[in-house]
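After this come two complexes, each holding chain A, first together with chain B and then together with chain C.
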Partner chain A sequence: MASDYDVEFVERTEREARILVRGITPAFANGIRRAMVADVPTLAIDTVRFIENSSVMFDEQLGLRLGLVPLTTPTPEEFGDDDVVTLSIDVEGPATAYSGDLVSSEPDLVKPADENVPIIQLKDDQRLEAEAEAVYDHGKNHAKHQGGVAVGYRHLQRVTVDGDLPEFEEEESQIVRGVIEDDGELIPTSEFGHDLTERYPGKDVTVEDVPNAFVFHVETDGSFAVEELVTRAVDSIDDRAAELEDAVQL
Partner chain B sequence: MELRVTERTDEELSIEIAGEDHTFMNVLKGSLLEHEHINAATYDINPEQSGGQTDPILTLKTDGSIEPIDALEEAAGDIRTKAADFKSAFEAAA
Partner chain C sequence: MMVPVRCFTCGTVVAEHWEEFEERAREGDEDPAEVLDDLGVDRFCCRRMLVSHTDLVDVVSPYQ
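For the complex of A and B:
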């Protein structure tokens, strides 16, 4: 069973991408999507020791907020699965404590992915001092460990022009979302306001799904780059298949 | 991954795959259905709060020319091939 995949980047930035994959079955596509959301482990703060908290929020509330701060997550090879990173924070009011105030014990490997996530606003004489421990876990267990946000896919849609619309017919907008294929050219629908009548005025067009061609939209929370998320998701499926292979042989 | 066979004949196999969810089971089912000697494959998962059996149970039927357990092993191998192919195609594009 030769599976012949063809991968192409339609849009691409560090944290967000649209990736076209041809020749993939719906089952495998969904497996990869689900693995990206729930099975790729990321680091997140899980335990907090409060040294001083004279802010208006309870320790528990701040604990949750600290947990939700995305942290850059190195590969498990660079960093053991059971390893723990300590991040400390010390902010005195009047000021706002931001994620960028977290000081990591491994600043080269693990640090907040964004500097500007507000944690709490401190007034005069209020102070937050705490030490937090970040651990690896899966999105399945807590949303703070989800590396992929807004991960999904759609069929690639092929648009063919059938001819002109009748002269006096009123044109109705035809909305499509995702990526269309026109004569082999890939166009994200955002380029023409998701409306086919903007791109093909006065034309009669048909839209059809291209079988087994899926456009993934992948966005990460900053824990790692898009490529890293996809590769780790595929690896997690591969690991489980290998595990099953071994288990069956016994 | 713990396996427990619940039913087994020459052509049929029911097996419990502990700790897995739809992510892997559906990929596995899809891969089994592509196998030429497998006539039927399905899996069933009960909701977490239903009590009792909540691990997925995979059931498959072959055409008799292959042991069901061997077919399962081959399907797992096929997933590994797919994953490797996908990864190389993806890395070539990246």
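For the complex of A and C:
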């Protein structure tokens, strides 16, 4: 692909963003989406040793709940690929054990991304004490390792005003979703209630897809920031392409 | 029994918002839809996780 790339943020917060990418094919856009969902490794609890569990839930159930808690994930290079992090939890009832009660062995690098996730509600004389090991893995193996949630993309849509509507014609609402381009200006459709007649009252408009321009909607589970997710996804495609090139060389 | 940690469909962490949702919409008298909008739970898959959940720990605990 020799055409020019252009990447632009339309909306951006720590965990959610809309990113416009120009000059990529639909196949490559989908490749990026799939890489974000399945190929970016994240840390998640994988093994739990229960020292005491007198709560109303079984060990296995609590193991699943602990696994699904997102953990902040440094890059594997920063950390070493096979390294494990130990997290321990010790809560005595009556109380609720939260993800924030997990104590990490590497508190600067790895800690629960959300502190308010209730793990289990403990009554009098009930106790949860456990040690857990978090490992790197890919989203394709288990949903708990999936860094990007609800990642998707749409074509950028160009709206052009053709003229006025006939005077006595009744206006019908025209719903579009995503981001529209009007004279080079990018406008998220949520700004006008996703209805073009709100923005162009009494006008006749045409909507067309802009070729090879895609608006990604990216959300992360808190393991890392949005930029980090996208760059790691693209890096993983790059690595696999290089690996393929090596493999087919004579 | 306890609120699911993540949305079954999309994987967003929803349990994070459970206690505030319970306090404001179940025990309080705010409109659940407005509370969910306020919490930033805006997809319907995630909203149903909180709306349809019942805590059963209190029901089960006498039978330990």
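Everything that follows uses one rule, which is that the second predicted complex is superposed on the first by the 248 of 250 C-alpha atoms of A that agree within 3 Å, B and C clash if a C-alpha of one lies under 4 Å from a C-alpha of the other, contacts with A are read in each partner's own complex, and residues count from 1 in each chain.
Here is the rule we use: a contact is a pair of C-beta atoms (placed from the backbone, for glycine too) under 8 Å apart; a residue touches a chain by one contact, two chains touch by 3 or more.
None of the values given here were measured: they were computed from a predicted structure.
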{"item": "Combined model on chain A where chain B meets chain C, clash or fit", "value": "fit"}
{"item": "Touching partner for A:149 - first (chain B), second (chain C), both, neither", "value": "second"}
{"item": "Which of chain B and chain C A:57 touches, first, second, both or neither", "value": "second"}
{"item": "First (chain B), second (chain C), both or neither touched by A:248", "value": "first"}
{"item": "Dominant contact partner of chain A by residue count, chain C or chain B", "value": "B"}
{"item": "Partner chain(s) touched by A:68 [first = chain B, second = chain C, both, neither]", "value": "second"}
{"item": "Chain A-centred angle between chain C and chain B, computed on Cα centres after superposition, in steps of 10 °", "value": "140"}
{"item": "Which of chain B and chain C A:231 touches, first, second, both or neither", "value": "first"}
{"item": "Which superposed partner A:117 touches (first chain B, second chain C, both, neither)", "value": "second"}
{"item": "Three-chain overlay, closest Cα atoms of chain B and chain C, distance in Å", "value": "19"}
{"item": "Chain A positions touched by chain B in one structure and by chain C in the second", "value": "none"}
{"item": "In the complex, chain A residues that touch chain B", "value": "1, 3-9, 19, 21, 24-28, 30-32, 34-35, 38-39, 140, 227, 230-231, 234-235, 237-238, 240-245, 247-249"}
{"item": "Footprint of chain C on chain A - complex, ascending", "value": "54, 56-57, 61, 65, 68-70, 113-114, 116-121, 123, 126, 143, 146, 149-150, 219, 221-222"}
{"item": "Residues of chain B that touch chain A when the two form their complex", "value": "1-3, 17, 20-24, 26-31, 34, 69, 72-73, 76-87, 89-94"}
{"item": "Chain C to chain A touching residues, read off their complex", "value": "1-3, 5-6, 10-13, 15-19, 43, 55, 57, 60-61, 64"}
